[in-house]
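Take a look at the following structure, please.
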Amino acid sequence: MSYISLSDKDKKEMLEKIGVSSLDELYGCLPDDVRLRRPLRLPPALTEPELLRRFEELAAANAYPDYLSFLGAGVYRHFIPSVVDYLSSRGEFITPYTPYQPEVSQGTLQIIFEYQTLICQLTGMDVSNASLYDGASAAAEAVLMASRLNGKPKILVSRSLHPQYRETIRTYIKNLGVRIEEVGYSAGGGIDLDDLGRKLDKETGAVLVQSPNFFGVVEDLGRIGEFAHSHQALFIVTVAEAISLGVLEAPGKFGADIVCGEAQSFGLAPSFGGPYLGFMGSKKEHLRQLPGRITGQTTDIDGRRGFVLTLSTREQHIRREKATSNICTNQAWCALRATIFLETLGHDGLREMAVQNMQKSDYAADILGRIKGVKKIFGGRFFNEFVLEFSEDVQEINDFLKEKGMVGGLNLGRLYPELRSAALFCVTEAHTKEDIDRLAGHLEEALR
Amino acid sequence: MYPDNFYYTKDHEWVEVKGYMATVGITDYAQNHLGDVVYVELPAIGKQLEVHQTIGTIESVKAVSEVFSPVSGEVIETNGELNNSPEIVNQDPHGKGWIIRLKMKNKDDLTALMNAVDYEKYIEGLEG
Amino acid sequence: MIREPLIFEISDKGKRAFSCPKLDVPEKKDILKGLPVRAGIPDFPRVSEVEIVRHFTRLSQQNYCVDIGFYPLGSCTMKYNPKINEKVAALPGFLLSHPLATEDLVQGNLEVIKLLEDYLCEIAGMDAFTLQPAAGAQGELAGMMLIRACLEEMGNPRKFVLIPDSAHGTNPSSAHLCGYAVEETKSNEDGTVDLEDLTKRMNEDVAALMLTNPNTLGVFEYDIKKIARIVHAKGGFLYMDGANMNALTGRCRPGDMEVDVIHLNLHKTFSTPHGGGGPGSGPVGVKKALEPYLPIPRVEKKGGAYALNFNRPKTIGRVRGFYGNYLVVVKALAYILSLGPEGLKEIAEIAVLNANYIRKSLEKEYDLKYTTPTLHECVFSDKLQKEFGVSNLDIAKRLIDYGVHPPTMSFPLIVHGALMIEPTETESKRDLDGFIEAMKKIAQETRENPGVLKSAPHFSPVRRLDETTAARHPAVKWERER
């Protein structure tokens, strides 16, 4: 296939205008010893029908979508209203550039402004940026932001923070004089407040906690926030399951200084890991330390309201090595989908979805917990995920479930050695009662 | 244009001295080249500054400039007005647009600076 | 043009667009008891589906985009985004796969990752690729971390990174995030690296030179092998910013030019759409020496099946969750398979043809600071127009009146008043001529009627915006007027 729009006549005329006789001549500036003298060793070009067939084969080689799955762990399956695909697939949303020329980008800019507003409303923060790459890197950026704000070298994170978020933070801070220390979790599944109290000291720049945490447990943000602030540490909350913000109190209400997280649940399919949508908001006074692009409202010379990218002096293209982050390209189109999603679900739809997550996962935890050989560990209140401990090997149970067309909870043994016989189950509004009952039936079979 | 009693640096800062008190700002040339000032980053009161150490930064929409201290001393006052109205730096750079006041450590620091006549010659040279 | 309100301004109680099916499990009435529950979300939108569709459709009509016309944006490679790629990326097997599913259930996805890694190795001449970084900037950071990890293992991570004064801003900020201090190297008259200056600055304290080739002026670094030798002689690494790969595909490979590590931009060279600012993808390619440090997990083929390998003791770790911006990866793979080796060679050639055609057509009207031959982009400046009080900003805003998006202006910093133009290979001669005509008319207007440039644009949904007030008194969200 070719996307070249020049005819033979065009090429001839253009070469003449330039004053060369062949395309090769235009590469005269390449030294001989770097020229590639053979064709690239790649498969021959496919036409559109062949391409479609090839990718249908590749896509079909993924059996997962045929299974009834109970996986969560940072990536969630939710209903996505049809308008999200319909509107976001418009060429005017897929193919524009970054809105650096605001006069011809008001569509994108107004949508980002609405997105920023929605994030502030959901998180209780004063200001928000226009997106980051994903939840894990957003957590890392939040840690870097905290260390810029108060210069302290130590950040406390809970062990119930998503393992990938912790790994990503570690990679980012490695060469920057910042270190993280892990705080354990309690029998309830939430952060161990005693351990937190012991580890908080004057070197602590921030406390970072995920809620609902990796185990699905809702953290006591009020107490954690108090602890952090009583030691002059910043309080950072990260949210991996954004739908929870539809019903749970905004982290801002508990004094969070920075709220960040993953908004994949807002209109993005699981997509085998990306592209996703990192979000970040903060208190007003930290606005100039926020990483990422920010859109602001202003007026044009005729007095019309308009929107622009603003506070650009924080960013790499102006501040270069002193920038708040190196981020340039972000997740704008994903933020667009999230905006359509949130505005379509609306106030009542979002709450309804969130509450259904709780009702269904509570029902599931209840009937599964009654099966002989299954125990729900962690007594803490949860949103839509919970951990079950089994009397048999988790791998064998999951293999059995697979034969029945199901994907069970995430085997936690590799991530938490002390939870070797446990798995993390997720139930959302997209699961029916029949789905849950079927899972219960097969688990019972597996453990007989 | 450039007050006679001020001293000037090659980086376009001015300093007005009264006894051991030094008031520092940026010159008209500097504000003109920066464009509309949108934000001024001020240092903390009590900060000790050496000659040519960064006082803070001044931002326009598309650029950031560092402000360097012409003399050494301790920051005793910063111009809080600039938080709400950074445009004062553009409107009155030599007066209301002052940035910090220092208690000078060493009057000899002034000998390295230019007077108004030399500064005007210096910027003429830059324009050419 | 009617101004489209913000959604919050048309929101009101009683309107609803979406409902979940009725709850089918027994309802627990006190399900929220004991939890910190919000009373509601103040001012959160309540609108109908009709209002949603009209709102976003009308907003879309205020956007310029590649599907409408030309973007001569230097170093952005705003080429056409093929629609078949959108279609294949939406296949359920890709779209619905959970990244934590066991490998046996996602063999297709793992194969896609491995295929693209292998093809990028061939295109770039490297030994291994990671697709994990979400964008070019994250790729740069990862690439610098690989270098640092390797140097650390050898006993000394070193302190500095050399970056030409013509570089994109992400280069120094990425180096800084890796714990390095940045030193600028000087450019020659034609924008290429000054070898003398480089030799002077290159020592055993320098970890790497970050280079863009062709550079941001569109000039090929002719002495690239000499540059590599200077850097390697002192044990440093040569990092290449692959943003300008569109000039080279099929003609030459960075790996053959002694580059040790490179990042590519799938949303530039490999046609994945910009989406108004992202998502992109910034794969990083390395030579064997740096392969052990690549982020985990790696996709490997073991006995006919694909598997994820997390057991890589020297890895730098993760730079983000999961495996990368996967759907963007799918689109880039489709692009490569649809072009094949001839097509990939053709894109570079036509990109260079189109750029040189523009350059030749405008060299009388606009000042070309460097006269060296250029490849896929060229940089003019506003020097000739400045005499009439017109700047590159005015030219850019007037171009909007002619239906074209302005070129890149904010860099390279070494050209004052820059107009960096990269047409890409997908533009037709008609659109190129339209752009050239517009630029010529603007040059004429500069002499005869500069006022019309200074007050441009005139016909866009909004005219020049007050960016000063937006930065002085930032208003970054909607708030109800009280």
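All chains are identified by letter, namely A, B and C, in their written order; residue positions are counted from 1 within each chain.
Methods note: a residue touches a chain if its C-beta (ideal position, glycine included) is under 8 Å from a C-beta of that chain, and two chains touch if they have at least 3 such contacts.
Quick caveat, the model's predicted, so the values are computed rather than measured.
The chain with its CA mean position farthest from that of chain C is B. By number of C-beta pairs in contact, A-C leads when A-C and B-C are compared.
With centres taken as mean Cα positions, chain B sits 45 Å from chain A.
In whole angstrom, the spacing between the mean C-alpha positions of chain A and chain C is 20.
The mean-CA centres of chain B and chain C are about 39 angstrom from one another, to the nearest whole unit.
In chain A, 312-313, 318-319, 322 are the positions where the chain touches two or more neighbouring chains simultaneously. For chain C, residues touching at least two other chains, in rising order: 410, 467, 471.
Shown for chain B are the residues in touch with two or more other chains, namely 38-39, 59-62. Chain B contributes residues 36, 38-39, 59-62, 86-87 to its touches with chain C in the complex. Contact residues on chain A toward chain B in their complex (touch as defined above): 288, 312-313, 318-319, 322. Of all the residues in chain C, the ones that touch chain B in their complex are 410, 467-468, 471-472.
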